[in-house]
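Chain nomenclature is as follows: A, B, C, D, E and F, assigned in order of appearance, with residue numbering initiated at 1 for each chain independently.
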Amino acid sequence: MSRPDFDLLVILTQPPLAGTAAKEGLDTALVSATFEQKTALAFLGEGVLQLVKGQQPDQLQLKGIQSMLKALPFYDLQAVYTDALALQQFGLNPDELLLNHQPATAEQLQQLIAKTTNTLVF
Amino acid sequence: MSRPDFDLLVILTQPPLAGTAAKEGLDTALVSATFEQKTALAFLGEGVLQLVKGQQPDQLQLKGIQSMLKALPFYDLQAVYTDALALQQFGLNPDELLLNHQPATAEQLQQLIAKTTNTLVF
Amino acid sequence: MASLHQLNSIQKLPHCLRLLAAGDQLLLTETAVTLVLDTESLQQLPSGVELLALADDLLARGLSEKLPSGVKAISDAQWVEATLEAERVCSW
Amino acid sequence: MASLHQLNSIQKLPHCLRLLAAGDQLLLTETAVTLVLDTESLQQLPSGVELLALADDLLARGLSEKLPSGVKAISDAQWVEATLEAERVCSW
Amino acid sequence: MAAGHSIYRVFFYQEGVLVANALSCPPQDETHLTEAWQQLAEEHQLELVVCVAAALKRGIVDAKEAARHGLEHHNLADGFSLSGLGQLVDSLSQADRTVTFTS
Amino acid sequence: MAAGHSIYRVFFYQEGVLVANALSCPPQDETHLTEAWQQLAEEHQLELVVCVAAALKRGIVDAKEAARHGLEHHNLADGFSLSGLGQLVDSLSQADRTVTFTS
């Protein structure tokens, strides 16, 4: 294999406020970036709903990951992909979402995995 | 509502050896029958796979619910329904399965819920 | 009023969907409220089923403004009323 | 050999299915071995993907005798080998 | 409850028993569920019953069960009591309406 | 391991941290997972590391964390140690192959 593009790809599949998996995945991605590992993040399926603006988790005395997502640009983690099919399924306009992200087809996501050393799914 | 047919319907939806939900559901149904509540049991979706014969959970040092199922006839719990569509989906012949059970269509299962006071899903 | 079905995760939708009867209500709670955006899945609902979603769960996930016309958002107090008005409650 | 995908629950199949590439292997473990009976879902697998299932998980659930021709049962030792032969392992 | 309805019993089983772990320390900005149930129960005189079989399996023990299993420590939170599935069946038959919250 | 491969580290996070609860009492005819890991670790000199943030949230504490949070009891099983996510990232970059077991 040629030198991989990324050391770690973290895939987030959970919708907002579904237990702690999304937060734990994001924590892992941020720690990885902090340790100077080349790190990418992908939102798959219901995971794309994490990027919906105007979420108010305090309404349920919960904490979402949106405030962490807004802080991403300050970490060395700029490779953010979203599942284009899921965006379409949920009727979400990519431009209306949080974060600078790149909608990707299933084929593009397959290639991303193929060019990454380790992939963790949350 | 006219007098219900059953006090409690327990629906098992989990495949074999998927955590403790199926066992906990079956425990609840058996305790209910022991307390002289009219109790019914239904296997829905992947739950029908609990009735496949020849399971060897000890292979994984686990305990399935099959030995408990074989003891059902000794409790006052004879109303056992299976999801006919799921049986077809998994290519299971109703006669090849454990227990004396009645395959039921979605409509028949809907009527079962309508004629039962409480339904718990496991 | 027949059964009130409570669905708290879209993973359980396939089972729940088949046991919904005309006259029943389906209440979306917790993460299942994301279904309100999933037009394709909503079309699979049998006719004669009223679709409800918990207002706080929608709000928390930023979905209140995106509610399609066929879904009614209800408060926690209305939820309690709905459990008492229904003949029975079935939680998936 | 490209990626070895490990799937331990059919709930996660929809995600996993879309990220399988030709040349990948899909290993069914734990409750996901029930997929071997689900002909309709198996037909959705992209071509060029080798389908494996853990022998012990099949045996424990009484499915060893019901294995369709397209699925290969493997032992725990073969599983370890498969993780080393693959370029990477992706667990769903 | 504000509308005059009364709650007969709250029964914790399956994964729900983990709420009764007195050693849980969620981050300070998250709701401490164990404490929230304790407060609610105290204010409204609710009975909080935890399924004993489900609890033991998941490492939630009271002083009595700890002694019985030879364990040094125990962790069932105050306000919760361990009991059997019979209590669930009793609640089902006594209450006008049963509402389940699944995981 | 029988085939000569070595295991760098076992990292428990998310729901996996519940394995390290020393107070678990599964029924006698079921595998006691906590003890099984302890035995395996002793036989093969494995390092069993539990994610500290995930553990605290789920009520798994060692003596030090219990003291820090003013708790009377602690329940981290012997043979396990609490540590941060940095250990997971270190393992990912050091090992030839990482295999994850999800819940």
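The definition used in the following text is that a contact is a pair of C-beta atoms (placed from the backbone, for glycine too) under 8 Å apart; a residue touches a chain by one contact, two chains touch by 3 or more.
Predicted model only: the values in this text are computed from it and were never measured.
Averaging Cα atoms per chain gives one point for each, and the point farthest from that of subunit E is the centre of D.
Relative to the C-alpha centre of subunit B, the farthest chain centre belongs to A.
Annotation: the subunit E:subunit F pair of sequence copies touches via predominantly the same residues, more than half of the used numbers being shared.
Pairs C-E and B-F differ in how many C-beta pairs touch across them, and the larger number is found at C-E.
Chain geometry summary: the mean Cα position of subunit E and that of subunit F are 26 Å apart.
Averaged C-alpha coordinates give centres for subunit A and subunit D that are 26 Å from one another. Each chain gets a centre from the mean of its Cα atoms; for subunit A and subunit E, those two points are 36 Å apart.
For subunit B, residues that reach two or more other chains under the stated contact definition are 62, 117-118, 120-121.
Shared interface positions of subunit C, defined as residues touching 2 or more other chains, are 88, 91-92.
The set of subunit E residues that touch two or more partner chains comprises 27, 57, 98, 100, 102. Chains that are in contact with each other form these pairs: A-C, A-D, A-E, A-F, B-C, B-D, B-E, B-F, C-E, D-F, E-F. Partner subunit C is touched in their complex by these residues of subunit E: 2-3, 5, 96-102. Across the interface of their complex, subunit B is touched by residues 27, 29-31 of subunit F.
Taken together, the subunit A residues at the contact with subunit E in this complex read 61-63. Residue ranges of subunit B in contact with subunit D, taken from their complex: 14-18, 46, 49, 52-60, 62, 64, 89-92.
Those residues of subunit E whose C-beta lies close enough to touch subunit F in the complex are 18, 21-27, 56-61, 65-66, 69, 71, 73-75.
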